[in-house]
Amino acid sequence: ADIKLGASLSASGPAAFLGDPEAKTIEMMVDQINEAGGINGEKIDLVLYDDGGDPNKARTFATRLVEDDEVVAIIGGSTTGTTMSILSVAEDAEVPFISLAGAIQIIDPVRRWVFKTPHTDRMACEKIFSDMQQKGITKIGMISGTDGFGASMQAQCKDVAPKYAIEILADETYGPQDADMTPQLTKIRNTDGVQAILNPGFGQGPAIVTRNKAQLGIDLPLYESHGVASDGFIKLAGAAAAEGVRLPGTALLVAAILPDSDPQKPVVTAYKAAYEAKYGETVSTFGGYAHDAVDLMTNAMKTGGSDPAAIRDALEATQGYVGTTGIYSFSPEDHLGLDLSAFKMLEIRDGGWTLID
Amino acid sequence: MSLLEVSGLGIGFGGLRAVDNVGFSAQPGEIVSIIGPNGAGKTTLFNMISGVYLPDSGHVRLDGKDVTAAEPHRLARMGLTRTFQNLQIFQEMTVLENVIVGFHQSESGSLIADLLALPAARRRAQAARAQAQELLKRVRLDKAAEELAGNLSYGALKRLEIARALAMQPRVLLLDEPAAGCNAVETEEIDHLIAELAKSGIAILLVEHDMKMVMRISNHIVVLDHGEKIAEGSPESVSKNPAVIAAYLGAGDEESVDADS
Amino acid sequence: MKLSSKWMQLAALAVLVAVLPLFFPSGYYYRVGALIFVNGLAVTGLVILIGYAGQISLGHAGFAGIGGYACALAPAHLGLPPSLSILLGAVISALLAMLIGKPILRLRGYYLAVATLGFGILVSMVLTNERALTGGPDGMAVQGLALRKILRGWGWKLTSGEFWYILSALAMLVGVWIALNLFQSATGRAMRALHGSEVAARTVGIDVARLKLQAFVISAVYASVAGSLLALQNQFVTPDIAGFMHSIEMVTMAVLGGVGSVLGAVTGSAILTLLPQVLTVFAEYEQLVLGLVMILVMIFLPRGLLPSIAAKLKGRGE
Amino acid sequence: MDALLQFMLSGVTVGAVYALVALGFTIIYNASDVVNFAQGEFVMLGGMITVFTYQAGLPLPLAAVLAIAITSLVGVALNKLALEPARGAPVVSLIIITIGASIFIRGAAQLIFDKQLHRFPSFSGDAPIHIFGATLVPQSLWVIGGAVLVFIALWLFFTKTLTGKAVLATANNRLAAQLVGINTGWVMTLSFALSAAIGALAGVLVTPITLVGYDVGVGLALKGFAAAMLGGMGNPKGALVGGISLGLLEALTAGYLSSQYKDAVAFIVILAVLFVMPQGLFGKSTTERV
Amino acid sequence: MLTVEGLRSAYGRIEVLHGVDLEVRSGEIVTVVGANGAGKTTLLHCLSGTQPVSAGRIHFRGDELTTVPAYRRLRRGLAQSPEGRQIFTNLSVEENLRLGAFLFTDERVERDMQDAFAMFPILREKRNLVAGGLSGGQQQMLAIARALMGRPHCLLLDEPSMGLAPLIVAQIFEVVESLRARDVTILLVEQNAYGALKIADRGYVMETGQITMTGPAAELIADPRIREAYLGI
């Protein structure tokens, strides 16, 4: 029989940024696996739903996946909200679930059936702050989106800032569809002592912030988050305005310039090549999360078989899996399995990405 | 003390003094007609008396009580109601329901009773329905009771409005051109109805351009022109008043002369 | 005879609700059923506001949000049991509706629409921005209802899906019953009258301002309770519940089903809840088809599904 | 001081975006009393079609003209295929149709185009213009100029032309409009074409600033609607003033009070204005004699 | 000029005109009298194209009109002053009149407007005010004047005297007669049956959707049944 794999993603709606590349990646990979003969001779039957970013719908689809489609595992929850809705269904039904969302509360406290592939927002903050620390920056202004991604990072960053002796002097926000952030940036500029600007967010916001900063001629270093880690961002913000922007990203983004010795190099180059050939658009970090989730899940199926409990156990036993996002080692205490090293500090130079570590 | 007393009432729209310093009074059982050329201010006067417009000068007294600034629903609860020159019908409700709404005051009780359909609320609703049916008979609309009001012809709607107003068992009833859109025979029926109502003790204010009707049933006539009262008195005196003839009636009331021949 | 039609409607609905599970192939259908009923409850409230009283609201999800977050916050911060939190949410919603309804309901048509829309946005903005309290856009967990455990104690073992199916159905039936009562009552008739002509309603002694407020408050309570049930059922709530899109969805359900009719409201919520589930077979064409279905229903059944079909059947009968 | 100026410039820029959307609402509303919730999708189409035709190699001006033309056709199709068949339906039903249409157009756009954000170059470069220490990108001037021009054109249309009056008459009393010889069906077609064209023009002008994606329409329609109501629905002057005021309000709140609650403050001001002026700033109260 | 054969019309499924035959010859004044709900208004709406016809034919000046859309009928010379006035309440009095001449852009429009003002001086006084603010009678005058702005060959008048003061009623009947002198044919529906029959050449009596009697106006006035049923004499 086929192995039924379920997914509920935000392929449309406000979080389509995340969900769209994720859905495409999962579909592509399942096709690849099936073409290659499946897992232990069994084909994967993917059941994929688009929850539009609505947690209520996500819960319904999760119920549908476990009750009606009777899947053995679930990937999904592009956002934290949808993940949290799926999570209790997966726990109740005792089905392994890999989330593609950022928040730390997904895996902290550890839930038996729940894993996730993206680094947490907190890790992104830490990566950024440690880079700031190295550059001697201690006082910053922050401007973040009010969407789930931006708000969660804002909170996490504020939380860990003291650990890196960083003081947040200005804390501004913008709505996900706002067209102009010059008032907020002007305020930050006029705040005494600000040495750098941090802009957690995804979608159009960061691009506009970057352009507005150039327009205002603000001469401070700008840090973005992994939420904009894709070539699209440089195009939207404009190479000139984006010059010098730093952000924590994954190996995927800099596949071409990774040293050959990097263990991630083959994984990211293969995924990037396949994805871009199939869909004619550049890969994003988020598709990478899905890539890793599918790999992790199918690897677990290979070793554990197609029984939910066995898959879960095999997942938890995963050690040293090399994904696009980083190298995963799960344990009963850690259902994320990544450390800070998974993040690479990148800088935009001449319209392209450079590694600065 | 009169049942209804209007004094010095006036209102302006932009530069125009639509009604200026108009006063008169009405007793129970009396039919007071307000006549005057188009735009004289008759409807506006009704709008002020019934609380739809707030007058900028003057007073309206009901039972001697000043009700000038009272809202229409308060006046209605005190027994003053009206019909409209430009029909105001609850189009999406049936003819019967239109009349039942007229019983609102006597029918409505506590909201909770209505929400939970307590027996009290149901009894009230039943009573209102039965009475409404009676009223529809009176204006000969009983056959159309279950029709949507929006489907009635103009003349039928005029009668429906009267029935709805009667449902309130008013003490003062303002009728704005009740016979408009009715032929001579239908007008006469309305005529009888109004006379009957007056006999039962209701004070009636009537605006109407059908002079035959006005002259036939009015006890008292007030004549407006350009917002001002230009004459007042019994039908005979008013109809002979040269100012009224010039402004309103026209030289020969040939129609009635002919008709009587 | 009208009276019996109320009981007929209720009975038909109750039978449907009771019989449907016999055909459910899996537990997932209970979930969909429960959602339909919860939405049906909220939309029934809107029928009272829009269909009876003729006042529009594009912000009713705000009240759903209040109901939902009451069930998240009150148990977490005040130690109130969830069941009482529903009540608390309803009371807060009613008070708030009374407070804002007074000034807002003087507005008409689109102006009222934009004012209510503003209210809804304010609520969802507070829920989104006050992260410390509400968990922000990521939402917060909601404690489950103890009732299911109690029932289990009595030997009535229900799956979560079954439990919520029954509870939501009961809530909706009560809501429908009340709305039908209202429809035939003096108050309901007065509401419909003011919809037809405000001046005329006033001259027959109807206190229009008060009546509009009553409709607004009642419908707010409906939305609030529905929001509470949704949050409790999901055991999680996010600000989406109060969002603009949710408000629009509710109004759309009401209009699709037939805004003047209570059963229409239920039908409308059934359609709009089921559609996305059915349309998953179209995958990326889902939005396309959803929009198309909405347009077609309105073209062919302009007064909404139920009233238009009823009118057609009646016409044929004659 | 230069901060204030900067806030104002930002406000006017964003306000002009809102104004353009709000202006797009006026014609259809004036012709039919329907607020077309697909208006935001017209803006989106204007931007998206320009992006894709431009990427396909067309010169930008040509791409823009093409986008406006195609969007007008979409507008006409919307009227012919969805609204005209439903003639006589209650206004709420018509509004639901426009909501359905907006979902449909969004769904189609994500299939035909993609789900990414896009932009094309600003018309006059990105070098900021400095004004007393504050800055403005040249594209803002295009947007502001566009809003003002559309406003003037609409104002002339409704006050000076017989066709404009015919549009107003159609909404006011369709039966009477037919009796005086107005082809009301044609008036509706024209209205949708014009509204869609204004929407598309807005999309073309604002995309270099705001970026465009298949789902930017909802947010824009919402703000444009609020702006139009603030000014008084149906009145071009109201749309312009309402849009600019809304933009200014947001920018000043973000600058001086709280960026988190800037939309909230904007809505509270709208509510306050409506309490005093229930028809918006310039809305005519309809006179209904009884 | 205008002939109607076997005209049937319904609201939804309820038929209210059950085969109406009627003829108006060039230069005539023809009146239709009938009780409330007889179907007079419905008949006029069928003629002006604002009410669908389920069977029968309408011919006007040699052409079949039955399926011509309403907005084209004025082009053919058929204008209506409808029941309930149906003025553009949000537009000014002058704009209402101007729209009455929507089809024309020549200088005669201005002349016609002056004629209308001469006929109803109050409209000149209120030309710049919104029509919705007019009194009932003033609105009625506007509705008649607007119909005349369309330069009709044939004018359908639905209760033109409704709500008008006696002086103006007399004037309206005079206007109707003067229109005949200007070669405008008139179909007049009036509750003031007496006044209408007095100026009309011929008359029709309508009862529950059917024509039950017709003849020269003078004969109808003299007919005892009509005197009793409609004239109240």
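Quick notes
By written order: A, B, C, D and E. Residues from 1 in each chain.
The definition used in the following text is that a residue touches a chain if its C-beta (ideal position, glycine included) is under 8 Å from a C-beta of that chain, and two chains touch if they have at least 3 such contacts.
Note that the coordinates shown come from a computational prediction; the quantities given were computed from them, not determined experimentally.
Between chain A and chain E, the least number of touching-chain steps is 2. Two chain pairs are in question, A-C and B-D; the one with more C-beta pairs in contact is A-C.
Seen from the Cα centre of chain D, the chain whose own Cα centre is farthest off is B.
Ranking all chains by how far their C-alpha centres lie from the centre of chain C, first place goes to E. For the pair chain A and chain D, the distance between mean C-alpha positions equals 35 Å.
Measuring from the averaged C-alpha position of chain D to that of chain E gives a distance of 42 Å.
Each chain gets one centre point, the mean of its Cα atoms, and the points for chain B and chain E are 28 Å apart.
Look at where the CA atoms of chain A average out and do the same for chain B: the two points lie 73 Å apart. In chain B, the residues touching two or more other chains are 43, 52, 84-86, 88. Among the residues of chain C, those touching two or more other chains are numbered 129, 199, 284, 286-287. Shared contact sites, meaning residues of chain D that touch two or more other chains, fall at 110, 260, 263, 288-290. Put simply, chain D touches chain B in their complex at residues 288-290.
Listed in rising order, the residues of chain D touching chain C in the complex are 35, 82, 85-86, 88-90, 92-97, 99-108, 110-111, 218, 222, 225-226, 229-230, 233, 260-261, 263-264, 267-268, 270-271, 274-275, 278-280, 283, 290. Considering their complex, residues 11-12, 48-50, 53-57, 59-60, 63-64, 66-68, 79-81, 84-85, 88, 92, 103, 105, 146-148, 151-152, 155, 173 of chain A touch chain C.
Chain B contributes residues 50-52, 71-73, 75-77, 81-82, 84, 88-93, 97-98, 100-105, 107-109, 111, 113-117, 121-122, 124-125, 128, 164-165, 167-168 to its touches with chain C in the complex. Those residues of chain C that touch chain A in the shared complex are 25-29, 31-32, 35, 128-129, 131, 136-139, 141, 160-161, 230, 234-236, 238, 240-241, 276-277, 280, 283-284, 286-287.
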